[in-house]
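Each structure below appears as structure tokens.
Shared chain: subunit A. Partners: subunit B in the first complex, subunit C in the second.
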Partner chain A sequence: MTGTLIAQSLVNGVVLGMTYVLVALGFTLIFGIMRMVNFAHGEFYMLGAFVTFFAFAQFQIPFIVSLAIAAIIIGCFGMLIERVIFRPFRGNELNGMIAALGLAIIIQNAALIMWGADPKPMPSVATGILKLGPLIFPWSRLYVIGAAAVIIALFYVVITHTSLGRAMRAVAQDTEIALVQGIRAERIYPFAFGLSVALAALAGGLMGPVFGVSPTVGLAPMLKAFIVVIIGGLGSIPGALLGGLLLGIVESFASTFLGATVSDFLLLALVMLVLIFRPWGLMGVREA
Partner chain B sequence: MSISQTTEVPNADHMPAATQGRHVWRNFIIVAVAVAVVPLITSSQYYLHVAILVLINSTFSTSLSIIARTGQLSLCHAGFASVGGYISALGAMRLGIPPVFGIFIGGAVAGLVALPLGWIILRLRGVYFVLVTFTFGQLLTLLALDLQSITEGANGLVGVPPLSIFGYAFVDRVPFYYLAAGFAGLVFLFTWRLLGAPAGRNFTCVEENLQLAESTGIDTRKTQVIAFVIGSFIAGMGGALMTHYIRYISPDSFTFWSSVAFITMMVVGGRWALAGPFIGALIITPLPELLRDTGGFQHIIYGAILILVLQFLPDGIASISQRVKAISRRRAQP
Partner chain C sequence: MRGSLIALAAAGLIATGAQAQEELKIGVLVTLSGAGATWGNAMKGAAELAAEDVNKAGGLDVGGKKYKIRLISYDDQFKSSEAITAMNRLIAEDKVKIVMGPMGSAPAVALAPITSQAKVITITMAFTPKAMNADTPYAFRPVLPTGIFAKPQADWVVKKLGVTKIAGLFPNDETGQAIFKDNEIAYEAVGAKFVAKEVFERERTDFTPLLIRIMSTDAEAIELDGNSPQTAGLIVKQARELGWDKPIIRTGGDATADILSVAGKEAAEGVYVHQPLNLGMPETKAFVDRWKETYKTEINGFTPFFYVNMHMLFEGMKKAGTVDDTDKILEATLALKDFPSVLGPVNWTGKEQFGRNHQLSAPFYVGQIRNGQAETIATCDANTCK
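Showing the complex of A and B:
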């Protein structure tokens, strides 16, 4: 009985953790490259959930294709946003952050006007259960884990094995040296931003069937992404992976065995402990 | 490398105008008289309600600007207002503490919560402060929802007693309006005095150039913690005052979006001018009411105003007069 509960919590934790990883990866990527805190990141998650919902539930397009459509549309939208709204605030961290807050207000309320406040139920992607002895896993959850793993692997390949990915990492490590090497940072930024928000959109689309789709779904995953990057280290991609999975599993176990209140307290305690003892995060680089 | 560490030439505009004491007094008295005659001009309860909100909001945006003076952006300002509101309301309802004292206790608790939080996160430079204050504010909202036995959860506390002094209860709009005006005036004068004092001047030094401030012997972390605690203390008092006015508080009373609204007021009004946050509250508070006919577009306009002001008028509306002066001075020269 307890064994089943533990296995169940673990699967739920990994499902949560995978989404946190997807949201946090984009967030930490954009901070690493552009030194920008994107407070509208959660709104791109929400937009991704809506685009996936319309493609999958309204137009009956296969789920995987719907996800790809969401990633492409939101990615292009992100590139446009980067050029139009964020470019003037380059180098001004504080004003860029406040502008992102303004953008979050605009996107969220535009979604409210267009699609209404009522949550839209997204049909399940997969039905049935997987039985492994006494353990029972719903396919709908395992599906999220599989899809997220594939997306993270693709992201890893893009970052490590393409010239665009190498250029992004170079700019993140040292913008000036990257410029000297002939990398045009100004050209990299829109792609990095598009990639970042496309990841958020994918997370939103994947979690649509689990959490539902409404204009206000973006704030909660953004909060979790913040906690993940504080734990993992701001700007660190391995840190986002580790922090996301850790947070998902801790949260799942704590809310199953200790209740939601204790779980929330535990998250706060975790953040504070990391800030006291390892303020640069588990995988982050210590800044002088 | 973080942006807050880049070396900048100190900007004279950012220095508090503490030397122009007579100037500030004159303008303060003009505004105070204008504020005082509002209830004589209109007897509309609705207009008075909006005016009261403007005054209380001005204390939020002004206290936020104290923190911003040290180069930090707190996304937990509404969280501290909520702490003050809950503490004062619970004290009055459960323990019978008069709200007059409850407001101070609420502010003190908010400040006491801000102290260790600030001490821990202000060791880190720049952006971590924003991330952690956002996280902390969200967790405060979650706690207010979770601790049902104390806070009544999502239902909130209904029937918070009104503020009363010597048996006189501030229930009607007009007396409460003058009370809120008095509080807003005190917060403004306190902020002016604080920024003019040596401790307050350190705030600006820390914002302008952290390394230089550090190397001239200013304890930058302590300075930032002091500003954070003072700002949060005032936010807690403002939250308590608001709660005794509305006579209701719930986890939805002060949310992340309220913090964003306070930031908008501060930025639109002008971060570096003493009167900027007040001007911002005056303009931004009635905006959703004025734009109500636009059918949901008011929030979008709100966000657009924030971005446009940041881009084209980064020092806010308060800087317009300086800009005009600078242009006319340039014209005057042959």
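Showing the complex of A and C:
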């Protein structure tokens, strides 16, 4: 019996973890490159869920294509937002954060006005369950693991094998030297922002069938992204990967064996421990 | 001569002044975002439709003056802190004496001292016994709370399904705690008991770990009372995804539309729900159609109750001849018997159960979701279901 519980918790934990990784990757990317904490990140997750819903449920476009459409639309929207709203705050971390907070409130309430508070009926992408002996895994959740893994792999390829990706990493490591080397940081920032919110949008669309589509779905992933990057290290991509999976698995095990309320407070206790003993995160760079 | 002309003109001005429309401000303080928004919109819409009725007829005729109803709405996000801020604003700045709301139990309990002291009449959805009792002279509750409907519904379901071991999932706040207590009493009275009780923060969307925990016990049915409509839908969906094929019961709080919307037709099939409305009654059907036409969404089963309560208060104002003296309005409203409404003739009850008869009384029904619709399978009153 316990074996079943452990296996189920593990799978659930990996599903959750993969979602968190997707959301946290974008979040940490923006911080690493632009030194900006994007408080509006959760709202791009929410917008991704909505665009996927409209494409998939209303226009009957195949799910994967709907996800791609959501990523492209939100990515472009993100680039526009970066040029229009965040450019004046480049280099000014605090005011950039506040602007992002304001943006989050605007986007969420605009969604409330446009689409109403009621949850949208998002149909399941994969139905049925996979039975391995006594273990039961819903296909809809296994689907999330697979899709997220593909997206993360693609992201990795972009970051390491394209010149744009390498330029982003250069800017993140040392902006001045990157500029000296001829990298146009001006061009990199909107692209990085667009890529990061596209990741959040993909996460939102992917989890739409699982967690629902409504204007307030962005808040929880946002908080989780914060926790992930604190644990993993703000600005570190491997850290986001590790932190996300770790968070998902710990949360799943804690919820299954200790109950939901204990799990919630345990996660935050974990954050406090990391902040006290290793504030730069598990894989972050110690700030001088 | 000139003096009397002036006097005549002045009298004419005063006369037209008396004909000019006054404004009666009514507050709406409900949850308009997040998991409980369905109910908040139901209450707000009920107030809007009642106001529309009155304004279309030329205004509320009270004490020789005609009042145009104006609604002032605030969203409390189901948080007591937001509710307190909004209510203080309604009382001090907007100067209202009647509020449609608060919706949730936690905000209701937090606001009771404020509204009682300010003598502001509230129409609440809160199920906790603390929201409408001997200590809250100005609170009305038009919908039947778990304390009333749980026992007859549990009795009927337990007999029909033959289950004795129940698992419950409840939000970790005043609503959830009060409802769990009422459910426990109801089920135990008919020989069943809770073998699992999972408590969670209201904003949670991932119930898989909690459902896994429940599935590892010997529970024979899941009870969803107290959960917001969206949450109930998510639980149904995730439970079915995990392979839970035993009964799911939602004793109370109309959530059928959201359960279908979030969980889908297939997953929702067979779920037992509480139905506050009888669509066989022509007045009720007409109201439901009016809602669909005005708001283009499915009506929530609670809406007509708030609509009726609002109209009864309007009638109370007319009979008492005042829009400000809430004590007189209370007296006149409570004197109404067999008030003709879209729910049929309604009365006030609750003195014995709650210590105050500000509870609207109406029959209710048990339904089961079949093929995307909730079909009525039993009719209930405060004692039994058939």
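Please note the rule applied: the second predicted complex is superposed on the first by the 288 of 288 C-alpha atoms of A that agree within 3 Å, B and C clash if a C-alpha of one lies under 4 Å from a C-alpha of the other, contacts with A are read in each partner's own complex, and residues count from 1 in each chain.
Here, a residue touches a chain if its C-beta (ideal position, glycine included) is under 8 Å from a C-beta of that chain, and two chains touch if they have at least 3 such contacts.
The shown structure was predicted, so the numbers you read here are calculated from the model rather than taken from an experiment.
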Do subunit B and subunit C fit side by side on subunit A after the overlay, or clash? clash
Go through the superposed model and pick first if A:Val229 touches only subunit B, second if only subunit C, both, or neither. first
On the A-aligned overlay, A:Val180 touches which partner chain: subunit B = first, subunit C = second, or both, or neither? neither
Once the shared chain is lined up, is A:Leu219 touching subunit B (first), subunit C (second), both, or neither of them? both
Looking at the overlay, what does A:Lys120 touch: subunit B (first), subunit C (second), both, or neither? second
After superposition on the shared chain, which partner residues are touched by A:Thr261: those of subunit B (first), subunit C (second), both, or neither? both
With the two complexes superposed on chain A, say which partner A:Val271 touches: subunit B (first), subunit C (second), both, or neither. first
Regarding the shared-chain residue A:Pro88, is it in contact with subunit B (first), subunit C (second), both, or neither? first
Tell me which partner A:Leu132 touches in the superposition: subunit B (first), subunit C (second), both or neither. neither
Stretch in clash, subunit C with subunit B, out of 75-83, 129-137, 147-155 or 309-317: 75-83
Residues on subunit A touched by both subunit B and subunit C 112, 219, 260-261, 264
Report the residues of subunit B in contact with subunit A in the complex, numbered from low to high. 1-4, 6, 71, 73, 120-121, 123-128, 130-132, 134-136, 138-139, 142-143, 146-147, 256-257, 260, 263-264, 267, 295-297, 299-300, 302-304, 306-307, 310-311, 314
Given the complex, residues on subunit A that touch subunit C span 1, 4-5, 8-9, 12, 16, 112, 116-121, 123-124, 127, 129, 131, 136, 138, 140-141, 211-212, 214-217, 219-220, 252, 255-256, 259-261, 263-264
Per the touch rule, the subunit C residues reaching subunit A in their complex are 32-35, 37-38, 40-41, 172, 198-201, 203-206, 208-210, 212-213, 216, 230, 233-234, 241-243, 258, 260-262, 264, 266, 297
Residue numbers on subunit A that touch subunit B, as the complex places them: 31, 35, 37, 85, 88-89, 91-95, 97-99, 101-106, 108-110, 112-113, 219, 223, 226-227, 229-230, 234, 260-261, 264-265, 267-268, 271-272, 275-276, 279, 287
